[in-house]
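Going in written order, the chains are labelled A, B, C and D, and every chain counts its residues from 1.
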Amino acid sequence: MSGKEKKPNEETTGRARGEEWWQTSIIEMMPGVIRLRGYEIQDLIGRVSFPAMIWLMLRGELPTDEQADLLGIALGAAVDHGPQAPSIAIARMAATCGVGINSAMASAINVLGDVHGGAGEQALAFYGDIAAAMDEGATLTDAVTTRLNRFFAEESGYVPGFGHRFHPVDPRAPRLLEVTRDFAARGVIGGRFATIAEAIEAEITRRKGKRIPLNIDGATAVIYGELGFPPPLTRGLFVLSRSVGILAHAWEQTEQGGRNKGPLPREWLWAYAGTPKRKLPDDGG
Amino acid sequence: MSGKEKKPNEETTGRARGEEWWQTSIIEMMPGVIRLRGYEIQDLIGRVSFPAMIWLMLRGELPTDEQADLLGIALGAAVDHGPQAPSIAIARMAATCGVGINSAMASAINVLGDVHGGAGEQALAFYGDIAAAMDEGATLTDAVTTRLNRFFAEESGYVPGFGHRFHPVDPRAPRLLEVTRDFAARGVIGGRFATIAEAIEAEITRRKGKRIPLNIDGATAVIYGELGFPPPLTRGLFVLSRSVGILAHAWEQTEQGGRNKGPLPREWLWAYAGTPKRKLPDDGG
Amino acid sequence: MSGKEKKPNEETTGRARGEEWWQTSIIEMMPGVIRLRGYEIQDLIGRVSFPAMIWLMLRGELPTDEQADLLGIALGAAVDHGPQAPSIAIARMAATCGVGINSAMASAINVLGDVHGGAGEQALAFYGDIAAAMDEGATLTDAVTTRLNRFFAEESGYVPGFGHRFHPVDPRAPRLLEVTRDFAARGVIGGRFATIAEAIEAEITRRKGKRIPLNIDGATAVIYGELGFPPPLTRGLFVLSRSVGILAHAWEQTEQGGRNKGPLPREWLWAYAGTPKRKLPDDGG
Amino acid sequence: MSGKEKKPNEETTGRARGEEWWQTSIIEMMPGVIRLRGYEIQDLIGRVSFPAMIWLMLRGELPTDEQADLLGIALGAAVDHGPQAPSIAIARMAATCGVGINSAMASAINVLGDVHGGAGEQALAFYGDIAAAMDEGATLTDAVTTRLNRFFAEESGYVPGFGHRFHPVDPRAPRLLEVTRDFAARGVIGGRFATIAEAIEAEITRRKGKRIPLNIDGATAVIYGELGFPPPLTRGLFVLSRSVGILAHAWEQTEQGGRNKGPLPREWLWAYAGTPKRKLPDDGG
């Protein structure tokens, strides 16, 4: 993508220099004309599905129908995980504070960070390390073993994309893997990342003596990787996906009403664990 | 939707009261189980398109395939309007400040407020006033005339959904109206809001002596209204739509690199128009 | 303030036009030079208190020491109201999601909207209506009575700045009023808004048959009004004030640790009140 | 601070467990009672300056007057750097989009990330490494040399806290250092971090053959470090400081008016550098 772009010319002056400062390869506009990635917007409208439009905007080219379908399936799978997720709780509380629904969504989306939204990115990078080792001649088993050895030696916690605090098996993951295999069987994708993910799960199980199954982040990372998205974009795609649940909850809360909804029932408080009541020093501090 | 919900019981105590405080009709969860609006997530995955999932989450029931298609068309039409839009500019600048792509998106989505994202909501409410008058027996012409009379007497500026600062005719609007007419011809929708929008445009043209055409906000409001979405949700749907462009621009900027991108070329400054240089008063102020 | 500014000249072109687009009267900069409102930054540093700097930035002129002190007192009074406030809860949850402390603060500050942060603005506008009536010759009693009559006839809920869901008497309000009276006695301020607020409270008490006392929003609005801040800035000042509590809580949570802190204890869920489990229609929707 | 806190008891049930989940050592509340860090709020109001309140909230104890003064000086020094800073530009653009001033501030504060706001945190950590080496017996010269050797071998770019893209010498830095020396001479602080910062600047100058002077981030980090704040809080303090400029600019823009202010003058566009106009493939993609 970036290869096509003209390098800004520091010697340009005036308006041309200002316009160059905001240069983009995504959209071209003139009065009465809007083109996305070279296509007239009126040609795209009605002929290209919403997931295909997402793909075009992020990748610069149109996907096949099957690629767009698979992208849409992954996006649809992670829309919500309930109001115990900080993002959803924040959307609902924000909706009672007198801000627009856009701002309620923004406060929520903002927290889809390294911990709350980043596991897919890390998982895909992890798969990518293994794929790269295989490209250099390693067998699947060796590549997985080597990467996991490094993980357990240098990194900590759960392998990204595997295990879940709440679900023994996250019902979304095996279903997404099944769908991935279907699309691979039809030749839409290669299936390599699915194989890698399954090999990781098997090897973790062997080491731990119990199954730490693929989770939703690991499963959507498989699909996004199969479709050729780079790891950092998986977080962006997760934002698009979870935004749907964030909007649904913000809207439900708006309909329920309430003002300044706190995290606990209104008649509850919080436990205080600090310095007991004391007098201000005579000199005012 | 809200009719189905149990009213929170203020007399419940303990954990049940806490769980009731976060009551929702959207998602049910148990270990190994996720249900959205009553459907098992694994049944939805792979069988329901992304726009259909959006519809289910917001409305509580699945749409027909045609309804989902039309929703997807409207969502795809408004994904981007280029980096002179504050939301897109903010996404690009934020991406250079050392925050995650989720936060770059949040800062941008946050500004899709009454002025930048609210016109669709206002347009659909405007159409709705006219539709309500027709439900009470007014003719289309009378209903439009009465509402416009009230607008020009009491409100100000552009009629919401009509006119554009930049485009003589916004190329998205006539194409969206054409698509709407197609779906109405196939019986997917009634077409009433399209008729109302065209009547408004005609009447404004008659009064102003020049065409102030339907714009993107007015055109997507037609579709969202035809599909039965209430006006406040049109702003939420616009957020889902524009988030795609916001992500694409944040990502392109990330790829381009740069640190703390300002609004003007790095070698420029800003004009100062305030109090000239002065000395601090001797007493320090 | 705005009177001093040069009107942007639409005919300017090139770099000058770009720089004019970002024109400001607040800050002037050249290599090695930073001036705020005309003062060299190195002259201000060490000679002007933090509240005085806030005043200078917002008002364009330096305050007296006493004015700065009173501003600082009002800012210090509203820093926190505990984690049942949505803003504070959001800051704490966000701090566990893998985003920077700036983003945790942003998600929280974002919800200080019309309901959560706007009462001071509304209270000061309410006082201002009464002051304006007095400027035109009305007595205090008449002006208060007339405004309250209008409020109870046309508006709804609590009079802005009066009453509290939790505190019978908010301990901050009488203390702030006492301080205001001290400053008025010393001639720093006139004391007019304090008198108006007390008259409103007395009249509400008379009408309701019980005391609905001045709250923190009403009390800080008195001070900000006495100091000459326009109503919309009281919300901005509240943001500066509450940001302190938001930061303190985000930091305490960071120190406590935790990942993806939800609103309820980790082992709890939420009550589901929606459509019971159902099968997907055979045609997929 | 965290030592004082009771460990949450996973066996507690019901309301007590819910309240424990939101446990804090910062604020205690009962009807009619608000205590911050053990002090009644009405005792604090009017007797404690705004910087002292910030200190109390973040540190748990009241500062001396001199400590509070020095904190206020550092907070006042970094309030603004003009609208070419992304945070300020975002505040101004957001203020034209139809969102509250709190949301305009939130979008801006949100971008004070690793690149835009993080240099102070990195600088203080850098000083801390040198101080730790000295605690273990290294001389100042050796400690500085060793740390810089490591920096130039393993890290890249500018040493955090030194050098500036725009200012040959940032006028804030030498003045802040002068103030720091004054406070050290009066025994308020030790002055160690000032000494370390000067030694770093001297050694960089020696190596580079030209002066790369201390900047505002490095200078405020000196003060925050002298006052005992841990590195991550310096970013939080920077947010409090820059929020003042963000508010001032959002407010000035609100007064100027405008709708959907873009980064460039309204009559300009942006340069398009992508795929030229093309036809949609016949099969729709």
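Throughout what follows, contacts are C-beta pairs under 8 Å (C-beta built on N, C-alpha and C of every residue); 3 or more make two chains touch, one makes a residue touch a chain.
This is a predicted model, so every value here is computed, not measured.
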Task: Determine whether chain C and chain D, two copies of the same sequence, contact each other through the same residue numbers or different ones, counting it as same when over half of the numbers at the interface appear on both sides.
output: same
- prompt: Hey, which pair has more contacts between C-betas, B-C or A-B?
  reply: A-B
Mean-CA-position distance for chain C and chain A (Å): 35
Euclidean distance of C-alpha centroids - chain A vs chain B, Å: 21
Chain centre separation in whole Å, for chain C relative to chain B (CA means): 28
Query: Considering chain B alone, which of its residues make contact with at least two other chains?
result: 5, 15, 17-18, 20-22, 24-27, 29, 40, 44, 48, 52, 82-84, 89, 98-100, 102-103, 106-107, 110-114, 117-118, 263-265, 268-270
Field: chain A-facing residues of chain D, complex
entry: 4-6, 15-16, 18-29, 35, 37-40, 43-44, 47-48, 52, 56, 60, 62-65, 68, 98-100, 102-103, 106-107, 110, 263-265, 268-281, 284-285
Message: Which stretch or stretches of chain B touch chain A in the complex?
response: 1-2, 5, 10, 17-18, 20-22, 24-27, 29, 31-34, 36, 40-42, 44-46, 48-54, 57-58, 69, 71-73, 75-77, 79-84, 89, 92, 100-103, 105-107, 109-114, 117-118, 166-172, 174-176, 178-179, 182, 232-233, 235-237, 239-240, 243-245, 247-252, 254-256, 264-265, 267-268
- request: Please name which positions on chain B make contact with chain D in the complex.
  value: 13-15, 17-18, 82-87, 89-90, 93-94, 96-99, 103-104, 106-108, 110-118, 165, 259-264, 266, 268-270
